[in-house]
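Chains: A, B, C and D, in written order; residue numbering restarts at 1 for each.
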Amino acid sequence: MSLKDTRWEELADIKRVLARRDWFPGTSGNLAIKVDDQPLSFLVTASGKDKTKETNEDFLLVDGQGKPVGDTHLKPSDETLLHKEIYNKTNAGCSLHVHTVDNNVISELYGDKGSITFKGQEIIKACGLWEEDAELTIPIIYNHAHIPTLATEFGEFVKEDAGAVLIRNHGITVWGRTALEAKKYLEACEFLFSYHLKLLSFKAIKNNLSRINGQ
Amino acid sequence: MSLKDTRWEELADIKRVLARRDWFPGTSGNLAIKVDDQPLSFLVTASGKDKTKETNEDFLLVDGQGKPVGDTHLKPSDETLLHKEIYNKTNAGCSLHVHTVDNNVISELYGDKGSITFKGQEIIKACGLWEEDAELTIPIIYNHAHIPTLATEFGEFVKEDAGAVLIRNHGITVWGRTALEAKKYLEACEFLFSYHLKLLSFKAIKNNLSRINGQ
Amino acid sequence: MSLKDTRWEELADIKRVLARRDWFPGTSGNLAIKVDDQPLSFLVTASGKDKTKETNEDFLLVDGQGKPVGDTHLKPSDETLLHKEIYNKTNAGCSLHVHTVDNNVISELYGDKGSITFKGQEIIKACGLWEEDAELTIPIIYNHAHIPTLATEFGEFVKEDAGAVLIRNHGITVWGRTALEAKKYLEACEFLFSYHLKLLSFKAIKNNLSRINGQ
Amino acid sequence: MSLKDTRWEELADIKRVLARRDWFPGTSGNLAIKVDDQPLSFLVTASGKDKTKETNEDFLLVDGQGKPVGDTHLKPSDETLLHKEIYNKTNAGCSLHVHTVDNNVISELYGDKGSITFKGQEIIKACGLWEEDAELTIPIIYNHAHIPTLATEFGEFVKEDAGAVLIRNHGITVWGRTALEAKKYLEACEFLFSYHLKLLSFKAIKNNLSRINGQ
């Protein structure tokens, strides 16, 4: 199996698992995996496909500028420019972008602050932070309709080989050195978002109940 | 494969994916796909079937009046009249009707207003609205028990080749030029409903918490 | 295929679909389907099995008293007495008992009232009520630890050929003339429970917001 | 099939079902099953694997000290020390550790109290408590970053052959005499957590509504 085929399989595996969770509503979301470094090339999801299906047109190979390699009628995802930022600036090997209700709610509730920080949660280790009081901060950026502008702002937060950025009312983009690291990071973030929201609502309930009882 | 068989497969594919999400509770929901234009004919779900199963009696062919074509013991869905409105008034090729908890809650919370409008959410693009400040307005109509009356009121909101109408305490009907467009539109609406509800609850929580802190 | 085998398949089908939804937590839940009328016999789930698995020991045949027919090492579900009530008192052909978080919450919130009534919801039709203003009332009974006592109280509410009873902090039991009718009834009830709870929470939120704005 | 192979299959079965529920976010969670008593050996999940996949490197055999038996490049889960406590102190045959949003929320809301108690819920029977007013108390311990310290504190609560301990902001560990008993216990606990949280929120809503109406 060629390197491209191996990477294709890895990405198809991730697509299948995330599709089962309905993390690609309305054909949203896009995924990429690096194939070569010299020169840079990566597989990226073709635009507008139903990601609950598996076909041999799900991904296409693009170069370091995000342009298709070779002859193809496929169009790379509009957000290929964001994936390009990642592979040009870091040693990441895989990058994933999904829309979930919880990541959108978090992005809107904390968007004005520009970031959200998590601390004291075991699953933070899945983001590669192993110290006891490790903090995970995820930046939240404005959802510029102009993709090159969005990609530029996004790129400012792409520094490490694994990381995550929330785009307000849009979704999350995560990346990691390997497909597994990227998926692990994504799942940890989504867990933290859901946990944070649910805990927030129950803290409010307990707060309310104790005020009532205290009156 | 005949055109009818191809369309059958497309519709069966959508049925399978939506059934996996439990979007057909209590045999509710109905689906249709256009087969021919001249004269108009479409496949529609047979009445009262368990949509978690796949059989060769899941759909039947009906004409432009919604009457079965040829000999059959199958009964078209009661709401075939609504699908008929769509194919008679637009160039839509597929139409989907499902009941979800969230679309029912939205239809009841905003039913008195007669519609709900979404704005500033990336996934609105999945409904074919690409401008930066695009607004998506979904009408909410009364759930007339008399289906021809329901179909007539529904028909007043069927103007574009892709669209959606909520029926109060009943469900959503969406349509699009292709099966993929209709499914995409449906998923985007459901995402917007769930997002709207969850955000609403957390805005109320934050509101409450800041009032308490501000006292 | 014998009648017993046909019924076995029908019940196994339902078990598979409900197991996929995780409606049998902790091996809870039990299912039954009538095989013969004269004399009465029905298949019922064997006690203590993991219902996410499919084996040829999932069900066993019992007589009209709920006693195993023929030689078997299998023990019928403890709640076989409740299924027995149904087949002895009505023409039902299938009965299903499941624990879900939402049916438990409803049973506790409205348990003191002794019942919950739904009205003005399209999905009520799935319970065989087709009039425009049909009301569906589901009794809620006390969860007697002594099963014969529970079965007797349960039996007082078993009058129609299709119906449902909630057992407080325990679960729902539904029945219908056919396997499909019972499943349809169950899904409609669960939809109504989830819808009712979610709507209740958003009505409270809107109520709160308008009080704040009105101050 | 050797005893080791039989146990491997049992554990793989559980892993598959729990993975389908997304109970292993970010490669979190770990599972173990006893193979032999004299001397003690058990299979435990290898560290850092994606648990949605099934491979012949998912588990490895360790001895009574949690050290790999024989030559292997696999590393046992970091939390093997907790499983070791269970097999050394009780007759348990299987132990499961998972992270869910609800078990984390419960662990944080009641962490200061040191435990949570459930009563009057039918599903408590799945934890082997059959008396009418049986109470189930689950201890909640501090999430020490130093695993041997965590294992020691955890071990203080490991007394019965079946049980559960919540680790704050981390997850739950349950065990039972057999794989089925451990899985049953786990599902009952998760059901109780979700039920408790949902009921708590609706009690607060009803409380609020009656205060408003009572004013």
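Criterion: a contact is a pair of C-beta atoms (placed from the backbone, for glycine too) under 8 Å apart; a residue touches a chain by one contact, two chains touch by 3 or more.
A quick note: this is a predicted structure, and the numbers were derived from the prediction, not measured.
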- Query: Rounded to the nearest 5 degrees, what angle rotates chain B onto chain C on CA?
  - Reply: 90
- Centre-to-centre distance between chain B and chain A (centres being mean Cα positions), rounded to whole Å: 29
- Could you state the distance in Å from the CA-based centre of chain B to that of chain D? 41
- Query: Going by the touch rule set out above, which residues of chain C reach two or more other chains?
  - Reply: 201, 208
- Task: Report the topology of the inter-chain touch graph, choosing from line, ring, star, complete and other.
- Result: ring
- Query: Every touching chain pair, please?
  - Reply: A-B, A-D, B-C, C-D
- Message: Using the touch definition from the top, list the residues of chain A that touch chain B in their complex.
- Response: 22, 25-28, 50, 52-53, 99, 101-102, 104-105, 108-109, 143, 145, 167, 169-171, 197, 200-201, 204, 207-208, 211
- Message: Applying the document's contact rule, which stretches of chain B touch chain A when the two form their complex?
- Response: 13, 17, 21, 120-123, 126-127, 131-132, 180, 183-185, 187-188, 190-191, 194-195, 198-199, 201-203, 205-206, 208-209, 212
